[in-house]
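Chain naming follows the written order as A, B, C and D, and within any one chain the residues start at number 1.
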Amino acid sequence: MEKSLAQSVVNKMFDDDMFSQWLGIERVLIEQGHCILRMKIRNEMLNGFGIAHGGIAFSFADSALAFASNSYGKLSVALDCSISFPVAVKEGDVLTCEAKELSLTNKTGTYLIEVKNQKNENVAFFKGTVYRTSKEWFPKEK
Amino acid sequence: MEKSLAQSVVNKMFDDDMFSQWLGIERVLIEQGHCILRMKIRNEMLNGFGIAHGGIAFSFADSALAFASNSYGKLSVALDCSISFPVAVKEGDVLTCEAKELSLTNKTGTYLIEVKNQKNENVAFFKGTVYRTSKEWFPKEK
Amino acid sequence: MEKSLAQSVVNKMFDDDMFSQWLGIERVLIEQGHCILRMKIRNEMLNGFGIAHGGIAFSFADSALAFASNSYGKLSVALDCSISFPVAVKEGDVLTCEAKELSLTNKTGTYLIEVKNQKNENVAFFKGTVYRTSKEWFPKEK
Amino acid sequence: MEKSLAQSVVNKMFDDDMFSQWLGIERVLIEQGHCILRMKIRNEMLNGFGIAHGGIAFSFADSALAFASNSYGKLSVALDCSISFPVAVKEGDVLTCEAKELSLTNKTGTYLIEVKNQKNENVAFFKGTVYRTSKEWFPKEK
C-alpha cells in the first residue's frame, strides 16, 4: 500500500529519533495532524518512588506532538507545553497516546494529547503549542 | 561534614531513580525547597531533527521539581507542569537547572525551574505545582 | 422540574458570583463535572488593540471550571490553569464554552474547556487542575 | 521628562484598553520587556465564594504580559499562558505584579509575571509565551 505524505514524513523523523527509539515508541496510526502511539514502561524509566518518572509520559506525548504537527512536511517546533498527571504510571504498564489537532493556523498549531494505560485510565493530559516555520523540510517526492 | 535532611532525602531518592541516572544527572546543590542539577546531552537524547528531544529538558527539570519539593521528607507528587522552549538544545550541551520555590502551603507547592546551557542561554522554563501528601515517607534519623 | 444537585450548587454559586455576572455569563447546561456556558463580548472587554483582552476568554473558561468542579458540592479550588489562544475574539462575538472532566480523584480533578465563537471556530483551549478540599460546602437538602 | 519608546507605546495601548481600565490598573513602571502594575480588588471582581475570581489575577498578569512584550513597538500576541494560584485574593487587596522577560527571540518571547498582595505574599505565578509578528504597529516618532 502506498504511504501517505504524513507517514513518509514521520517515518523519516522516527528513523533519526534516537530518544523515541530508546523509549520504545510504536507508531499505531499516523495521519495529518493526528497520531496514535504506544509504548511499554521499563525499569529504567522509573523514579525514586518506583513509579514512572514524569518525564516519561511527557516525552511520549511530546513525540506525538512532534509527529502530528510535522506531518504536513512543514518544520514545526514546540513553544509551550503543559501536562497534568492524574494517575501514576507503573512498570509494565502499556501506554497509548492520541494526538488531536485543536487548531491550525499558518504560523501556529495547538494539540491535545491524552495518555492512557492498559486499563483505559487517563494517566496524563498534554496540551502543546507549536510554531510552524516556513521551512518545508521534507523533500517532495517525485 | 554532616548531611542535611534535604541531602539525605534526595540521596535516597536518587539512588532508586533509574531514569535520572540514565539522564546522567549530577547533584550540584541540594537544600530544602531548592536545588541545582547538571547533565550533558548525549546522542541517544536527540530527536529526528538532530536536536535534543523536548522530553529531555522536561525530564531534567522534573527531576529538579521532585528533589526540591520532596526535600522536606513529605511525599510530594507533581500535578501540573508547563514548560516553554525558547532555544534548541544540542548534542554535547551541558545543561544546568535551578529549582526555586515560588510558594509552599501545607497541601501544595509551586516551583520555577530555569534550564540554561553552557553559554548561559535560557533553553527552558518550567513551572510545576505539586500536591503534598500527608505521608512522611523518609524515616526520621535517630 | 426538579433541580439536580449540580444545578442547585451552581445556581447558588452564580447568585453570589459578581464577576461572572459582570461578564454576562448564561448557564446553558449544568451537570456533574460538565457544563456549557455562553456570553457576548462587549466594548468594555476589549484591549488596546481593539480585540477581546486575553483575560476575558480565560475568565469565561475559569467560571466553567469552577461550576463543573464544584458541582458535586465539595469545595474545589483551581491550582493551575493553562490556556492557548489560536484565534482572536472580537466585539460582538458570542462565545460558548464547554467544560469536560478529564479525570477526577478524591483530591484532584482535571478539566478541558474549549471556547468557540459563533462561527464554531476554536478561540481558546483551557486546561485546569483543581484541588478538592474535604469541605462539603453545599448544605444537603432535606 | 522625555518619555521612552516603551512608555509611549504602553500609554497608547492603555488609552484604548477598556478592560485594563475597568480593572483599575495603574502603571508603576514601564520599560522595554519589563513592567510593574498595581490594582485593587473590588466587590464586582469576586466569585461565588467571596474571593477574587481567578480570571482577575490572570487578567492583571495578562495586561502586564501585553505591555512588556509590546513595549518594543512590534505587535506581539499571546499564544499560551499558564497560571498557578497558591493563595486566595480577597476584596480590598492591593495587588502588584511584575513582568520579567525570560527570553526574547525574533519570533517569540517568554515572560514570568509574579503577582503579590499587600502583605508581599505571592498570590499567582503566570508564565506566558507570545508570538512576535513582523508588524511595527507603533508609529515611529519624528
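One rule holds for everything that comes next: a residue touches a chain if its C-beta (ideal position, glycine included) is under 8 Å from a C-beta of that chain, and two chains touch if they have at least 3 such contacts.
Note that the coordinates shown come from a computational prediction; the quantities given were computed from them, not determined experimentally.
Copies chain B and chain D of the same chain sequence form an interface built mainly from equivalent positions, shared numbers / all numbers used being over half. Simply put, of A-D and A-C, more C-beta pairs touch at A-C.
Of all chains, the one whose Cα centroid sits at the greatest distance from that of chain D is A. With centres defined as mean CA coordinates, chain D is found 33 Å away from chain A. Chain geometry summary: the mean Cα position of chain A and that of chain C are 29 Å apart. Shared interface positions of chain B, defined as residues touching 2 or more other chains, are 79-80, 82, 84, 108, 110, 129. Of all residues in chain B, only 79-80, 82, 107-108, 110, 129, 131 touch chain C in the complex they form. Chain A contributes residues 12-20, 22, 43-50, 52-56, 58-60, 62-63, 65-66, 75, 77-85, 88, 137 to its touches with chain B in the complex. Those residues of chain B that touch chain D in the complex are listed here as 80, 82, 84, 86-87, 102-103, 105, 108, 110, 112, 114, 122, 125, 127, 129.
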